[in-house]
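In the two complexes below, chain A is the common chain; its partner is chain B in one and chain C in the other.
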Partner chain A sequence: MSEIISRMKDLPSAHLLGAGTPMCSGCGGLEALHQIYDVLGENTVFVNAAGCMTLLSVYPFTPFRGSWLYTAMASAPAGAQGVRDALDLLIQQGRLPPEEDLQVVVLTGDGSAYGMGMSATSGAMDRGLDFIYICYDNEGYGNTGQQYSSATPHGAATATSGGTGGFPGYKKDLFSIWAAHQPSYVATVIASEPLDLAKKIAKARDMSGPRMIIALSPCPTGWDYDPRESVAIGKLAVKTGVWPLKEYENGTVTHTRIPRERPAVEEYLKTQGRFSHLFRPQRNEALLTEIQQRVDRYWAQAQ
Partner chain B sequence: MASRVLGTALFRSGFTVQDAPKYGAERRGAPIFSTVRAARGTAINERGVIHNPDLVVVADDTLLTVPAAGILQGLEQGAVVLVNSRESAETWQHRLNLDVQLVILPAAAEVEDRAELPHIGATCAGAAASLLGVIAPDVLAAAIGEELAGLGELVVEQNRRNALAAYRAVQDKKGLVREGKAVAAGDYTPPAWVELSVDDVGIAAPDVRAVANSVQVRTGLWRTLRPTIDYDHCVNCWWVCSSLCPDSAIRVENNTPIIDYDHCKGCMICVGVCPPHAIQGEPEYLAQQREAQSADTGAGDNNGTDTADG
Partner chain C sequence: MEPILLTGNAAAAWGARLAGVDYVPAFPITPQTEIIETLGAWLDSGAMPGRMVTLESEHSMLTAAGAAAATGVRVFSATSSQGLLHAMEMLYTVAGWRAPFVLVNVSRGLSAPITLEADHNDVLAARDSGFLQIHCTDCQEVVDSVLLAYRLAEDTAVRLPVMVNLDGFYLSFTREPVRLPDLAAAREFLPPFDPGSMRFAASAPQSQAVAVLGGSPYSYFRYETHLAARNAISVYQRIAAEFESRFGRERGAVEAYRCDDADIVFFMIGSFASKAREAVDRLREAGRRVGLLRPRLLRPYPAEIIASALLGVRGVAVVDQNISMGQGGVLHTELAAALYGRGSAPAILTSFIGGLGGREIAPQEFFEMAEVTFRAVDEGRSPPPRLLYTETELRELRKLQSVALAEREQTSPAGRATP
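What follows is the complex of A and B.
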């Protein structure tokens, strides 16, 4: 599994993740996971924190071709440490041939990654744990009805942030928090850009140490849009500059895609019911301007 | 919403009432249930799900084929099953072969995508109220006003209109649902235990080691819209649709994308992303009608894709 992926045609055509999962129709997180799994390959063990994707492996069914471990919401990196240690011991004792070693992959939602699982994640990076961490970020606690999380963007309506202003807080900059730990690799991806995603996952696969991935995951149920729009909305998130595609390596942050002519952020916002209060019954100019200015400021500093 | 309206209408008609929704762990596209219990002048001590319902209301007839929905569970002789369906009562009687009374609920509006049935909750509540025979139309209207008050007068009015239309539509079967006997704790029979021998895990639970066996779950039953690839226009850029399908439901054979209808949930992402616009969407029921017709004429389905029944 170390083919070089440089064009769309190089993307894997054999899909490892089994169909038949209970994820919602049009799930942007599942779309990312199936692409990621195709690049990582079968020799992967998933450590899953509580969240939407807990439902992937409900006995007796699993979409995976290997083991899956379920942990409490805050503890997936600790679970990954245990699995990694066990694999190392087995290899050391000669009970597992080194070529049968497994890639240990944490799978969590944003509720865990941006919030209650941060401490365990920070500790795992401190210890230089050899693992891949994947956060599918649908900007809220989607599994329980889209309550806001630390990943919810400013102004979005959630089950716990209504009214004319939506969510009063700001999306936490998890990429920078993770990069500040100086792990081997940090990257943002999105399933609507499969080539960029595959290149980054292939890079992470061939490294060691902590490799951290955040996948923005358009969520038809939580963001309130028709499932068919998942890819279009994902592409708009990148084009408008709302979701910067970037990576951190050896102390340097590089943008893998710099949107030269960014359409107004409202082109992205108006595709989703969670922002409809910004446009109806009348336009909330102040809030729209603020959101646009924050994106503009990000890119002014990034270049 | 239907159970709350029905519960409130029964309460306003002098009954003691319990109503509760029950959600499974699955989300969009997955079945949801709610139950209503009503008793005359006595407290309801029973709790939890209803094991032997007198009336089952099915808002979407595609649920009848979903095992997880368990719609036919616990139906006893003479129970009433109200189904919102395009098919006739005779067809369903034939398909289900159960000793129950089937009533077809004519939905007020016809829609292409059954996932978006407008006012289906009110329609179901209205028809159910009629079949129960103990709720007057004005009480039903008042219950809708009470339950939907927060949504504004326009929404209340639309729902009332649909509920009352459904109420009248099944009026000839008014009171079809019979009252069940009172349930006493003493009548409860515990389930029979099945002794299992202690075997090695490989024998007792072989699925623990099964690989990607989620494919045994036919999520294709969720689908209300169906994408179809027109191979005359497909330019074999499989990496687009097959990478972007969230459900790994587009496989690639000889550089050709093939949709797996056993698992396609009908999100229609592939329809939107196909560069030559070679994937078209249509309502699932129309596709099924077309298939049934071509099967009748012996033409068969030779477009090289899987059919819904494999």
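What follows is the complex of A and C.
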């Protein structure tokens, strides 16, 4: 499983993840997981925290060909620690042949990654745990009805930020927080850019140590748009510069895509009901300008 | 083997070492730290094979412990008090996974007020979690119970995590003579862990701990766990009998001390039960027919064994080193529930709360509890629960309060005028 991925036609077409899950149609997180699973393969054990993806494996069915362990909202990385250490011990003691080894993959939402699970994640990185962390970031507590989390972008309306200005806080910079731990690898991905995603996941797969992935996950239910728009919205997130595609390795951050001519961020915002209050009943010029300026400032510093 | 002097904590560590544990997820908390430091030193020096990892919290520690057990290795961990409560979500979770491993809890009173010394509110907060519970009264029992706990946890009719409880300070830091089983004998009693199908491997994909939708599958798994815990009574009795025949120490689910012809008995758990044993001897010398009944196994609750041990007993003085706010003693409530409706049960249960946060229970207090219970038997009526606290104690506390107040008034010129 270490084939080189450099062009679209190199993308695996295995479709390992089964169909018929209870996820919403157009779920950007599920689309990312499909692609990630095809690259990682079935010799994996997914260690999951509470969130939408918890409902992938509902007794007695699972879409995974490999293994799965649901833990709790706060401690999936600690579950990964236990599984990894146990596999190492079993192999060391000759009780498990090395070919029976598994890639240990944490799978959580943003609520867990940016918030409740952050100290467990930090601890796992401190300990140099050999694992992959996949955070599907739908920018809110999706499973409980899309209340705001610390991944919610400024101005977004959520079930708990329905006022005129939407969410008053700012999306936390998890990429930098993770990178500050100096793990083996950190990357942002999105399902609407499958080649970029597959390259990064393949790279992560072939490394060891903590490998940390954040997948922005357009969420028709939480972001309020037609499920068929998921890919288009994902592409706009990248084009407008809202979701920078980048990676961290050996102390250096590299952007894997630099959008030269960025369309206005409002092209992205106006596709989603959660931002409709910025446009109707009248344009919230101040807030739109602030959001645009923040994106501009990011890219000015990035280059 | 000749006895050596060991603290309760060292005895717990020896239990883990003799059990041949593979993996020790850890997090420090007083009064448990000596356990993980001891194991850490043995692992570092190579005296003991295996791996220890210090997590960043007890919540994570329990998650890692359950996950490693679910992957197929033998796991040991230890905590206390705030740590146990911090991990509470995971206690229920890993028990639901049916992950067999052993967790030592060194009992310590719960915050607030924050304190270091022992009572049983911590371990009793976990009583409904699915963890089985073995309670120790001396350091010898600690090492023995850890070995018994692995046999119990890993038994295919049980498959549940087991907590072994010892009291902070009174056992954790107290040296007592302990006979350590030799390694070969311990291995014979406790062979290596066979995880069966509970493991992760590439050729045998598993989904563990998956969600259920609806009350029916949920109830199914919850009942299975309960029934497994019920199985643990007879399994425990069987392995305790085997333990006794190998090592010569009686470790049954319930200790009955001088209960045979007793009119009344003390009923309690933990290290203070040895104070009760003393009191029983003194009362016997004075011609009072008193005994002590002490469940070692508190989960599952050995109701039948307790009930038959109480046949002919007329009154039970339940001494609770815990307090369920607004209700009273947990042991008292549970004993009443276990005995109610049995024609043969003692007519009188008296309830005493004492020993909170390590407060001493004096011999005179045991004598008094016995007298109260004898009187209740004579009168045919159980008195209201009593909170053990002496007038002297109250006076001393009031004195301290007034000293502190006077200090404050002297050092702050504005005195009481300061808002």
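Here, the second predicted complex is superposed on the first by the 303 of 303 C-alpha atoms of A that agree within 3 Å, B and C clash if a C-alpha of one lies under 4 Å from a C-alpha of the other, contacts with A are read in each partner's own complex, and residues count from 1 in each chain.
To be clear about the criterion, a contact is a pair of C-beta atoms (placed from the backbone, for glycine too) under 8 Å apart; a residue touches a chain by one contact, two chains touch by 3 or more.
Predicted model, so just to flag it, every value in this text is computed and none were measured.
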Exercise. With chain A superposed, do chain B and chain C clash or fit?
Worked result: fit
For this session: Have a look at where A:23 lands relative to chain B and chain C in the superposition and call it first, second, both or neither.
Result: first
For this session: Identify the partner contact of A:43: answer first if only chain B is touched, second if only chain C is, both if each is, neither if none is.
Result: second
Exercise. Thinking of the overlay built on chain A, is A:34 touched by chain B (first), by chain C (second), by both, or by neither?
Worked result: first
Seminar exercise, completed: Rounded to the nearest 10, the angle in degrees at the CA centre of chain A toward chain B and chain C equals 90
For this session: State whether A:59 touches chain B only (first), chain C only (second), both chains, or neither.
Result: both
Exercise. In the superposed arrangement, does A:14 touch chain B (first), chain C (second), both or neither?
Worked result: first
For this session: Would you sort A:96 into first (chain B), second (chain C), both or neither based on which partner it touches?
Result: second
Problem set entry | Touching partner for A:228 - first (chain B), second (chain C), both, neither | first
For this session: Would you check which partner chain A:220 touches, where first means chain B only, second means chain C only, and both and neither mean what they say?
Result: first
For this session: Give one of first, second, both or neither to describe whether A:191 is in contact with chain B, with chain C, with both, or with none.
Result: first
Seminar exercise, completed: After superposing the two complexes, the shortest C-alpha distance between chain B and chain C, in Å, is 5
Problem set entry | Residues on chain A lying within both footprints (that of chain B and that of chain C) | 55, 58-60, 62, 64-66
For this session: In the complex, go through chain C and note every residue touching chain A.
Result: 22-23, 25, 50-51, 53, 55-57, 59-61, 63-73, 75, 89-90, 93, 199-203, 205-213, 217
Problem set entry | chain A residues touching chain C - in the complex, by the definition given at the top | 42-43, 45, 47, 54-55, 57-60, 62, 64-72, 74-83, 85-90, 93, 95-96, 99-102, 119-120, 122-123, 126-127
For this session: Sort out for me which residues of chain A touch chain B in the complex.
Result: 8-9, 11, 13-28, 30-31, 34-35, 52, 55-56, 58-66, 191-192, 194, 220-221, 226-232
Seminar exercise, completed: In the complex, chain B touches chain A at residues 25-30, 205, 207-208, 210-219, 222, 237-240, 242-249, 251-252, 260, 262-263, 265-269, 271-273
